[in-house]
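Below you'll find a set of structures to go through.
There are two complexes below, and they share chain A, which is joined by chain B in the first and by chain C in the second.
Presenting the complex of A and B:
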């Protein structure tokens, strides 16, 4: 096991006839020994590039990586003592499961008796003993996933790298494998760096989450911090389903009181922020409550459409001139066109200075 | 068991086709229509079946039939001689010699085409400037007509003014020019070289296509697993190419074993029968000495040999798939 220090990592891709693409911009990150950290973000955000650089499959344009203080930036992947699970599993199709599992050990000159013992132990742990002599194409998606994990585990690496390992599984199996992966980390306590575009995977598995966009780290923190105190509008909208509601408007002050005004909406803010002028107000769908129209501070809104999502229901409403999503239990029925009154939980209002994706949170 | 239980209610009996008079009439109509459908099917099948029979089965059957005849210009109808032509073949040293030369010719050209084709495909799979142009140029020998290829190589091999001799003399490899196609010792390999040069691009195209679909993830996984570049080639590339190389080997073997024009145009089977492959022997028997029956017998033996090669291949393939 090892702690990982990533220092000012930068990666540019050049292709003929076009300008350089900045895949990764000045990434600095400390990952503690035994930590499970997720890199999350939309496609092209640089999360896979970062992982591939840590693996040694890509060379950084600048910056360095240290494992327990040892600079491994220039080392070949095989000399880094890492293991990686690929999105496609990358199992060798012409080899049996047993051969797949022991390949890494064989290439490192581990004697055959020792390899056999390691294969038996990993196969027992992952419950893949009956399929040791099968080829990957004879396995189901979940079984392949386990073999891929086994191939990574067998070498007892210092750092585990997982590149969207669950995204090829169907929804039910994904939930199951997610739980298994979590349990595996609890058991092994190995440093795991996990890349995903699925925020739910990141939230449920990670000790900490790194949110990335356009090659730049947007925020790093525990799942709770990322969810309840997003650093900017991008993080706020990316984490959470449905997304946080965003209303663009203006902050003004009247004496000691601050107000947020948007077309058709006027709100008194619970505490005066340091910022004045154009701003974005964010509120999560579960922080909006249905109230009686005569309740103090009630905001009138009109229902556009309601969607049932199992145990809960999402209502798309127009509040003032802004479209907003509201989350209620499935039993709350609202008709399209119905006029309702809403109250925003003042403790859970998020204010962002300015408008647009980069608008930073006001603390 | 649910299926053993009696139904709870008397469900209406489903109507069965053929029940009652009207149903019987309908059934008769159905039978006629079925017959009509069957005839229509036959009519629609006929053109392709006839084409198949005329273009494939008839010539093949006629060839086999001719191999049982003594047939030449003086006896155009042919006399039934049973297995005499085959008996003649088995006792003929020239036939055995030609069979050996044909096997060596097919083995050497196919083996070298695969080695050269795979090597070139691996090179062309690497990124470099002008790769597309080089990929196009490599196909040239395969696209050129055989006659042109033969003429070019006859010029290149020429003992008086050929470039091959000039280069070898300049390089100090040989002291005096060699008549490559006129000496039994060199003619076979000179012809093999042309056969390899002409057809190796076929292997390049197929292998290159396969190389391009091997997942990069496999190589990356192997790098992380600690495999060196050579280990990645042996453990990933070669096994991934294996199936396609087997198909290529089968196709090229059939093609080269039957190949007539390159050898015939370059050497005519000589010198001193050093390049007398079976197809040339068939030609010699059928159109040189006008023994059509014997020529056909050789062709039938070639056909049987190739069927045997294919059977071995498919048996092997089936075992692999199992």
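Presenting the complex of A and C:
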């Protein structure tokens, strides 16, 4: 087990004739020994590149990586004592499950008796004993996933890398494997670096989350921090389903009180931010409440459509001129076209300086 | 139904056209000398004889020619597979400047007529002391088989998921180790197909073998068999017996590996 220190990592790809693409821009990150950290972001955000550089499968343009203070930037993948689970599982198709599991040990010269013991204990832990003599193509998706995990676990690596390991599973199995993975980390306490585009996986599994976009780290923090105090508009919109409502408008002040104004919407802000001018107001669907039209500060809105999502219901409404989603219990019924009154929870308003996705949050 | 009938009859016709010379070759080898040129021809020998086969082994050096050919072909096929596969792997995987144009150049090399190569090759080989040597002849055959192996294997390697190799690298393999343990087993059908082709090319090759080898004891089958044809008399029964025996190894080889040429081994390891 090891702590990982990533220092000013930079990666450019050059394709012939065009300018360089910055896949990763100045990433600095400290990962504690035994921590479960997720890199999350849309495709092309640099999360996989970062993971592949940590694995040694890509060379960084500049920057260093240290495991417990040892600089491993120049080492071959085989000399790093890491294990990786691939999105495609990457099981060797011509080998049995047993051979797949012990391949890494064999390459490291572990004697066969010891290998057999290791295979037996991993197979027992992951409940894949009956499949040891089968080929990967004879296994179901979930079983392949387990074998891939087993192949990584068997070597007792210092750092465990997972590249979207659950994204090829169907929804039900994914939830199940997610829980297993969480339990596994609880038990093993190995440093795990997990890449995913699924913010829900990141939220449920991680000690900390790194949100990335366009090769740049946007925010790093615990799931709670990322969810309740997003650093900028991109993070706010990326984390959470349905995503945070964004209303673009203007912040102005009148004496001591500040106002946020958007077409058809005028809102008194609970505390005056230092910022004036074009801004974005963010509010999560669960922080909007249905109120009586006479209530102080009530905002009138019109229902467009309502969707039932099991225990809750999402209502798409137009508030002023802005489309907004609110989340209510499934029992709350609203008819399309109905006029309603809404109140925004003043404690959970997010204000961003500007209207672009990199607009920073105001505290 | 009618469509199937039409297709089958077309295939049958094609089969007859292709197979008849082979049938005639085998048949003639079992006919006595007197029956070979009879008009009208006999489609099955009236008298079956193994005389030509006996003569082939007792009176000519067919056995030696056969062994020489086998040696040269195995050597050149082995070298072609090793060199060609490594080259193809590099073309498929590494970011090399000018890779695409090199890939095309390889194809052009393959299309180059052998007759144009033989003189410079002869001069070069004489300086290197590679004339009259089985190694030299095998190397000469690489001018055709390596481009072919590279061309075909490149696609095979490109179709093997990179993930498999990277998994092996992380599991502790070296680049070559990953190639050997993980990539090559996925490319077995390609290796067999190109291997057979390289072998076949070398087995049938006449011009290089005639010019680069002058020592009678080192001759291979195609130029060796030509000596059975003389200006005054040609023993067709003997030639047909030799041809039949020379065709046999290839026919057997094709039969054995047919299924590898059709089925891919790679399915199932990645995704599902």
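Here is the rule we go by: the second predicted complex is superposed on the first by the 363 of 363 C-alpha atoms of A that agree within 3 Å, B and C clash if a C-alpha of one lies under 4 Å from a C-alpha of the other, contacts with A are read in each partner's own complex, and residues count from 1 in each chain.
One rule holds in what follows: contacts are C-beta pairs under 8 Å (C-beta built on N, C-alpha and C of every residue); 3 or more make two chains touch, one makes a residue touch a chain.
Being a predicted model, the structure only gives us computed values, none of them experimental.
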{"item": "Partners on chain A (chain B, chain C) - clash or fit", "value": "clash"}
{"item": "Which superposed partner A:55 touches (first chain B, second chain C, both, neither)", "value": "both"}
{"item": "Touched partner set for A:144, first chain B, second chain C, both or neither", "value": "second"}
{"item": "First, second, both or neither for A:174, with chain B first and chain C second", "value": "neither"}
{"item": "Partner chain(s) touched by A:135 [first = chain B, second = chain C, both, neither]", "value": "second"}
{"item": "Dominant contact partner of chain A by residue count, chain C or chain B", "value": "C"}
{"item": "Chain B versus chain C as contact partner of A:350, first or second or both or neither", "value": "neither"}
{"item": "Residues of chain A contacting chain B in one complex and chain C in the other", "value": "55-57, 76-78, 82-84, 86-88, 90-94, 103-104, 107-108, 151, 155"}
{"item": "Residue ranges of chain B in contact with chain A within the complex", "value": "215, 217-218, 220-227, 231, 235-236, 239-240, 242"}
{"item": "Chain A - residues contacting chain B, complex", "value": "55-57, 76-78, 82-84, 86-88, 90-95, 103-104, 107-108, 151, 155"}
{"item": "Residue numbers on chain A that touch chain C, as the complex places them", "value": "55-57, 76-78, 82-84, 86-94, 103-104, 107-108, 135-138, 140-141, 144, 151, 155, 168"}
{"item": "Of all residues in chain C, those that touch chain A in their complex", "value": "161, 163-164, 166-174, 177, 181-182, 185-186, 265-272"}
